[in-house]
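In what follows, a single structure is set out as structure tokens and then discussed.
Labels run A, B and C following the written order; every chain starts at residue 1.
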Amino acid sequence: MNPKLLTFALEAIGRRGGKNAAVGIIFALLVALLASVLLTSRSLQSEVEKTLSALPDITVQKLQGGRQGLIESDRVYAIETIPGVTWARERVWGYYYFQNAGVNFTLVGLDFFLPAYEESLNAAIRNFDIATWMDRDFMIVGEGVERTLHANYYKEYFNFILPDGAMKKVELAGTFAAGTALQSSDTILLPVTLARTLLNAPEGLATDITVAVANPEEVAMVATKISRLYPDTRVITKTDLAGSYQNLFDYKGGLFLSLFITALASFFILLLDKSGMGLAERREIGILRALGWRMEEVIRLKLLESGIVAFTAYLLGIFIALGYVFMLQAPGIVALFEGYSVLKPAFELPVVIDLSLLGLIFLATVPLYMAAVIFPAWRAATIDADEVMR
Amino acid sequence: MIRLTNVSKIYPLSGADSVTALENVSLSIREGELVVLKGISGSGKSTLLALIAAMTKPTSGDVVVAGRSVAKLPDRFASDFRRNTIGMIFQKFNLLGDLSAIDNVTLPLIPTHESASDIKERAYRILKSLGVKKRLGSLAKHLSGGEQQRVAIARALVGDPAIILADEPTASLDRKLTLDFVEMLKTMKQSGKTIVIATHDPLFFDLGIVDRVIEIDGGRLA
Amino acid sequence: MSAFLTPDTLVLLLIEGLLLALMAVLLPSLWRLARRFDIGRTTPEQYALEKRAYLAGTLLRFMLWVKIALFVYFVYALDHLSGVITGAMCAAGVINAWDYGPLLLGWKLAGLYLFGSWLVLHRLDLSRENLPFSRLKFRLALGLAAFMGVEFALLIGYLDALDPATIVSCCGTLFSTANVSALGTLLAIPKAWLLGVFYALFALIVASALLRRSGLAALFSLLFLPVALLAIISFFSTYVYELPTHTCPFCLLQKEYGYMGYLLYFLLFAGTFSLLSAALAAKLVQEKARFALGLWLLGGFVALATWYPVGFYLKNGVFL
């Protein structure tokens, strides 16, 4: 690359600053839009992967009138007799809406004497001394919950409002650091009896039942057996979820990308139509040609100019997207992937920036831009050198 | 140095019409000669210069400049030839108004492999020798007519060409600046350059330094 | 669901489609240039054609370079898809998910050499005042357009046939000697033989290049390419994986092996291409062939490939 030509191209961009800035900003915004969607999707995907890996092999939910209801705890025993099942356990969990702060907490009931159904929960309470808290109403909260409570002047306890309107004072016994999303910073761990009170789940009923199967090959078979045994349940396997989420992300990302590309292409066709070379630019090129610039040198100059604009705009777009997705939490875009909210309502998008994604965004945008400038560049470069003599 | 043999140039117009800008022109110009091309507007002077500079190609005939047949060169070679052998001065100067004086002068050499500081240095030397010492960094559009003219001449000279072609160089200059230009012509001639000036300014027709006046009329040599 | 809608494959389709569209736009120009371009004429038509020729030349050069770069992305995308397609451990399984997948890959590989040769011809053409190869190069460009059309059809067919649900074979079965295919038979060639031919051909290339026998150098380079690929599959790759039974040309592209496959294949393809094109250029314009770059690249390839078994021996005191 000839450094003089590069300098000249940079100066030329500056001389037509208005036009270049306009095109560059539109292009940057388009890149930002695409990058925001793909970054959000990739971020959600990594969150889902983490969440899924922590998920039980099979989850059994009871359906009542098409919606999820409470399930009988004693079904655990029947399920455990199915060959291949390692264990089955009831779970008591749900959401609590904290009106003052406008946030949802996830309440998870735990039997603090038994190993929990999830390794990560065990990790959260490993350093917790249960003996001092026996027979008291206590909770262990994620960092996000602690922050919210402190902001609302709750330092040592919190007053839950029960379904019947009464207050329930629960002491804050400790905090844990967020690991995975399921047990993320909005989670509150409570003794299971307390959770039942708060969630209005009577003894003998549970939110759902989780099942562990030793051999992954047998999961599908066990799932079929469970749904035969209890036709009123929905049986969800981990692979179902993994597959459907993978497809969801690829599909939605892909769908969006194709729409986006169509939009981008039409933008450039419009650009191509409107932005032939201005008169001043034509004259400038004629002069260069008369002074001994080759056609290829003029084309190189023009491609360099647009390449610099495109690349700068691309970088700008990526930065805008990073800010939008990871600092502002991608308002509006998360909704595109709303299928996710069933699994998990509120959480922070984890920062996942992978280079191949940035490369992909580059490939999906910049070549279109370059293709759109080649024809005007050629038309300009083949201006007859003797035109400036007339 | 320059030899045209039976050169014709026909510009096609829309439909079957066409304009014959030059018809069967043969002429030859020796090295170091200063020749004035005289002719009324539309007689084909600019076309002749453009052919010598390999900016356009003849419809028939051959153009040999500095030992090379430039009539059929593909663009890459024609452009290099123009950059290395020809210095052009235009009627309207054709400076880029938004570039500084010095940047206008270095313009032809930007795609070459010479370093930026080398060509700046050269441009500076030439501008100084032409009497432009101040305002080298001002935008060309803010320069006076005389300064613009000198910048345009400096740009023609910066590649150290053997041939200088000037197309009505004084048409937009007043008397004093025209005389200045004649002075500069003298210096160029002394440095051994072959010079062709297309003009209808009578001042040039009986100037001491002019070796020959070639008259052109309706595309033919008179 | 077909694999059409993953972002990777979409981008691939987008750019390939864009290039094909540009090619289609160029076709009428190419056709006229191939038939009517004549630098000796001075007609307005010829002037117009000369401008067209610049456009076509510039665009083709741009497009072919993009095509060459896109090959790397194609390979990367295949490798990436192996995570989605059941049973595929690397690009080998992915490319074999369609019967004509290997054809597509071979087509693309052949494309590298064709596109590169065209670029060399283009450069030679522009470097002469009389543009001696202009007509030839535009005729060939018409051929390239057809070539790209077939390639795009193959790509569409391939992506359409890809189905994450079908189970494909992994490289272990595809490249085993037990495989009853032409490849299986070739892989059954004794390694000592294969390596003998491999190093002998390399020596012949070096010798003929140094002796400036460009025809011979080209011939040996052409022979060297398949032999080198076979040698990578059945011998050198096992030392990269440090596993005598793991014979696969694709796993080399993965992160576990430091992406070294990209370097290895680059050296092999660029090296053989450079030698071939130097010979071609020498033939066309009767000048001394420039073999140095090709020899360095190919030497680098042989050195890198050889390093793996040698390094293994130095570390472990035995060969696999």
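In the analysis below, a contact is a pair of C-beta atoms (placed from the backbone, for glycine too) under 8 Å apart; a residue touches a chain by one contact, two chains touch by 3 or more.
Keep in mind the model is a prediction, meaning the values are calculated, not measured.
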Between the pairs A-C and B-C, the one where more C-beta pairs touch: A-C
Taking each chain's C-alpha mean as its centre, the one farthest from subunit C: B
Rounded Å distance, subunit A centre to subunit B centre (Cα mean): 65
Computed distance of Cα centres, subunit C from subunit A, in Å: 38
Distance from subunit C to subunit B - Cα centre to Cα centre, in angstrom: 50
Where subunit B touches two or more other chains at once, by residue number: 75-76
Residue list for subunit C, restricted to those that touch at least two other chains: 54
For subunit A, residues contacting two or more additional chains: 295-296
Parts of subunit A lying in touch with subunit B, wherever the complex brings them together: 2-5, 7-8, 11, 15, 283-284, 287-297, 384-386, 388-390
Complex interface listing, subunit B residues touching subunit C: 12, 57-60, 71-77
For the subunit C and subunit A complex, residues of the former touching the latter: 1, 4-8, 10-11, 14-15, 18, 22, 51, 54-55, 58-59, 62, 66, 73, 76, 80, 84
Interfacial residue positions of subunit A with respect to subunit C in the complex: 38, 246-247, 250-251, 253-255, 257-258, 261, 295-296, 299, 356, 360, 363-364, 367-368, 370-371, 374-375, 378, 381-382
Subunit B contact footprint on subunit C (complex, rising order): 39-40, 42-44, 47, 50, 54, 126, 129-131
